[in-house]
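Below is one structure, written out as structure tokens, with a few remarks after it.
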Amino acid sequence: MNPALLVARDELRLMRRNRVAVIAFALLVLLTLTAVVTAWSHRQGIDALRTRHQAAADRAFDAQPDRHPHRVVHYGTFIFRPLGLLAAFDPGVDAFTGNSMFLEGHRQNTANFGDVRQSSLLIRFGQLTPAFVLQAVAPLLLIFLGYGAIARERERGTLRPLMLQGASSGQIVAGKLVALGLVALLAGLPAMLGFALIAGQPGAQSAPMALIAIGYGVYLALWSALILFLSALMRRSRDALIALLALWAVLVVLLPRVAPDVAGAMVPLSNRLQTDIAIARDLRGLGDSHDPADPHFARFKQSVLDRYGVTRVEELPVNYKGILAVEGERLTSDLFDRYAARSFDAQVRQNDVVHSLGLLSPAIALRTLSMAAAGTDFAGHRRFLEQAEAYRFDLVQRLNRLQANAVSYADDTARDADADRRKRVSEQTWQAMPDFRFRQPAGSTLALAALPWLGVLAAWLLVAAAALVFATRRLGGR
Amino acid sequence: MPEPVSAPIDLSAVALSYGSHRVLDGLTLQVARGSIYALLGGNGAGKSTTLSVLLGFAKPEAGRVQIAGIDPGADADAARRRIAYLPENVALYEHLSAFENADYLLALSGERQSRDAVLGAFAAAGLQERAWDQRLGGFSKGMRQKVAIAVALLREVPVLLLDEPTSGLDPRATADFNTLLASVRGRGTAVLMVTHDLMSAADVADRIGCIAAGRIADEVAAAGRERFDLRELHARFAGERAAA
Amino acid sequence: MRIWMYEARLLFRARLAVGALALLAVLSLAAVGAGLAEVARQHGAIAAIAEPQKQDIAAIAAWVDKDKDAGSAAYYTFHPTWDAPSPLAFAAIGMRDVSPYILRVRALGLEAQIYDGDVFNPELALPGRFDFSFLLVFLAPLFVIALFHDLISGEREAGRARMLSALPGARRLWFRRALLRFGLVFAVIMAPFLVAAIWSAVPVGSVALIVLAAAAYLLFWIALALLVGRLGASSTANAATLAGAWLVLTLVLPTLAHVAINQAVPIDQGSEIALAQREKVNAAWEIPREETMRQFYASHPQWSGSPPLGPDFHYKWYLAFHQVGDESVARQVQAYKAGLKKRDAAARTVGWALPPVGLQALLTGLAGTDLAAQLAYQERIRAFHRDLREFYYGYLFTDRPFAKADFAKAPRFEGS
């Protein structure tokens, strides 16, 4: 038998006999399974709840009585962000973003009722998900199982006899790596069980799932290499353990916390008050549709009259108030988009700062990859916000056009007792309005967004492997 | 300190069990002032447990233990104030000098001595002068023992307990150590050494006891200038050991 | 004194101890610095409200002044509210990074406004803030583990333990060494905090309580480390055991408790309130306006003497149905708040069993950055909103004109 495999078999036998190691491994498996089940049921629960709420909101919209279209602009509609299937593996920022939004004319509202504001302080301790277990806990288990792999042999003086029996230092390290890698694989397996659950669902996307699986595999492999590197480098197994624990604490606990503070300090974000006031100011700068002397709206009115070849709004074949509403919404939405884009850009730059620290911490790189592939990162939330805004704009403009075409200008400006009835549009109209349907991004889009971070992880793996090779050479030299 | 009526080290009919295993079973042993007692015995005969009982680490179930009139089981701290103990390997702080180690150990025992007094004790313990302010890192076992003995001398304890003091020492260092021990005895200290080394015991001890199955199976006192008959000792104790 | 100097020398000879303490000092300074910077940023944002707000009001006033309709003023004017960070907020940012501390409201339906959030980057919020509470709750135990896991086993492995134990006052030795390590960790963690706390004028009572709590928390971990150490395993095994305990106590059990609490106390009323309030508000357009007014006057009899509605649109009816809409969901709002408080209380109960959770709850509670503080801020907004409504009603229901000068008479939010 190959000496490396013999070493691997020995190492595994030793781990199996180590009661603490077996208990720790069993606990990890149990924890992962708990995480899989809770995250899965959590996602299913949230998804069912949001679907139910969405259906209720859609029903309420469709059930409106005869109404003036502009009333409906203000009645608005509620939308709920559906949760992607992979959120059962890595819910990412889901709990930190509002999951429902009220869409109405003239205003862009925030997404509200996020879990983070509805939960106890415990939510800030982290969330029990398969992603969390694999990112934070699994490396710790590997450290416990692997810190002594080489340091122990040297400390007890069993390394030299092993080498005298003909095993090269490379074969010894390779054997240990195989053993630890096998444990890593076994540790990752229960989480993959959750993957199997997800894969069985309709709409499961294989590309991002494959990327996630590879990403976590690379992550655990690079930890295995790092562990053996330090185990080979340190003279005593205790030093190896302490160094590894410190490394783990810095890479997995500290850096992910420090990075956002650095990003927040480097790229400031406008708050809502500043943005709202700025938008209001810009709007006033554009003109006042109620002021007949306003140059912008006077020009606009003239252009409409010219288009229809008439001289007075009363002669227009369409309701000028509706036309004006369309123009007004176009202007405000333009501003909303511009300011939203600015805020999104700032957030993207903040995230870029955090992500670039992923070069320093593979845990950040993996988290970025995992959320990107699961579609639960900021980009995923932004997709929702942008689709929501597009839908809002489309809905409001449909209603404004409805006002222009289905309500006559005469009726719209009439003030007699029956006028209110004549201004209204049939209730059937509302059912014909399209409902909001969040379009999940294509699997390839998600995978592509995650791909660069796989590159970063691969680079980490290469560095760790190179370090291990270096330490192995030194091992042979002594 | 009131003069103790009994011997500084005084065990009588001491019994102690670990679980169902009876480690000490009616152990009786006295070490008088200014005398050296060598305790021999096979592995598991109860030698280390005897030391543990004297140091107050283990409490006997029956019998009487007295260190200079104090029961270590009742007041370990008071007993330990009267004991200097040297384990088999005297491990001290590697990156402190010999003087600093002694100074620190004295401080730990709640005592303070002038530098001159410490250096004087080093000289008395036979530690070469150039080692006094050297870091302990490169010291041999013998040199470490001398530092520890110097501390014991400074503390003026009535009782010195030694665990395998000569194991791992070369013959010359053993001889040195035995000379040092004789001078300690000269100051009136009661010395109990646990050892495997019959030769060394015969060389320095006033009394040699052999412990087996938790009690003194045999005891020989030095006889005049001839001290011990080695051949006889071998014959007696080899049999006891085989029995243990 | 001599003996303490020796102990300090021995401790500082150990590279691990020196490295750990140096790193802890850097992190401690950074955590307090980051907290202070964040609080300064929040103060800055609150201070920056006044100027743009003044311009905004001026523009609205100029426009409203033409018709002098109090309704237009009420409809278009947003009034700022804010929740200034407490002096202690730097130590525990708590929820202040995800909950709004500035919110503008107008005299329309409050239930459609009060749950609005501010802009924040969710990816930055996800891992949590780097502040004093993080340092103390999460990182400090790791340093305790680094310094205490070999307190006794290290001496045993060096072969000194038996001789040291045989010295008179051996217990005092371990106590002295533990005290020295505790003192150093405590000093390094608390010194930057105390300087910042004094500088921020944190009440002495809070500081004293935090000092005590921090000491108790560190002592908990020290006791755990000593307990594990007493079991007689090697330093390595101790370190592994303690790191495992840290993982379980600070990460695994709190996340499990979180899942359990959110399961046990379901809260989905939030968006239901918003939906119900909107239905009620919009339904007003479908029923006779007098009916709305009857409902409104029933609960606000002081305005019932107002002249009846004419054929034209009148803002008093508009504001009335907004208020009726709010009142129609009052019960759900109470249930929602009760649910939130129940979750919070459950977490605090967990805190009695899990020291990290307990300490975090204490810190955010004292700093006024927890859920309770958020709810208290919402209560202040509600009170302010009541004043706003009364203010505008005073014009609307008596048909008093609302001129430019009246904008300055509007109630102002009394920031904490």
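A, B and C are the chain letters, set down in written order, and residue numbers restart from 1 in every chain.
What we mean here is this: contacts are C-beta pairs under 8 Å (C-beta built on N, C-alpha and C of every residue); 3 or more make two chains touch, one makes a residue touch a chain.
Everything quoted here is computed from the prediction, not taken from an experiment.
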Per-chain CA centroid nearest to the all-protein CA mean: C
Farthest-lying chain, centroid of Cα atoms versus that of chain B: A
Contact-richer chain pair (by C-beta pairs counted) among B-C and A-C: A-C
Interchain centroid distance [CA atoms averaged], chain A/chain B, Å: 70
Length of the line joining the C-alpha centres of chain B and chain C, rounded to whole Å: 64
Chain centre separation in whole Å, for chain C relative to chain A (CA means): 24
Residue ranges of chain C touching chain A (in the complex, touch as defined): 16, 27, 30, 34, 37-38, 41, 45, 48-49, 52-53, 55-56, 59, 63, 78, 80, 94-95, 98-100, 102, 104, 112, 115-130, 134, 138-139, 142, 145-146, 150, 234-237, 239-241, 243-244, 247, 250-252, 254-259, 261-262, 267-268, 270-272, 274-275, 278-279, 282, 285-286, 311-312, 340, 343-344, 346-348, 350, 356-357, 360-361, 364, 370-371, 374
List of chain A residues in touch with chain C within their complex: 20, 24, 31, 34, 38, 42, 49, 53, 56-57, 60, 65, 67, 71, 74-76, 78, 80, 92-93, 96-98, 100, 102, 109-128, 132, 136-137, 140, 144, 147-148, 237-238, 241-242, 245-246, 249, 253-254, 256-261, 263-265, 268-278, 280-281, 284, 288, 343, 347, 350-351, 354, 371, 377-378, 381, 415, 417
Contact set on chain C toward chain B in their complex: 2-3, 6, 9-10, 13, 158-160, 162-170, 173
Contact footprint of chain C on chain B as seen in their complex: 55, 57, 77-78, 80-81, 83, 85-87, 89-93, 95-96, 100, 103-105, 107-110, 112, 148, 161
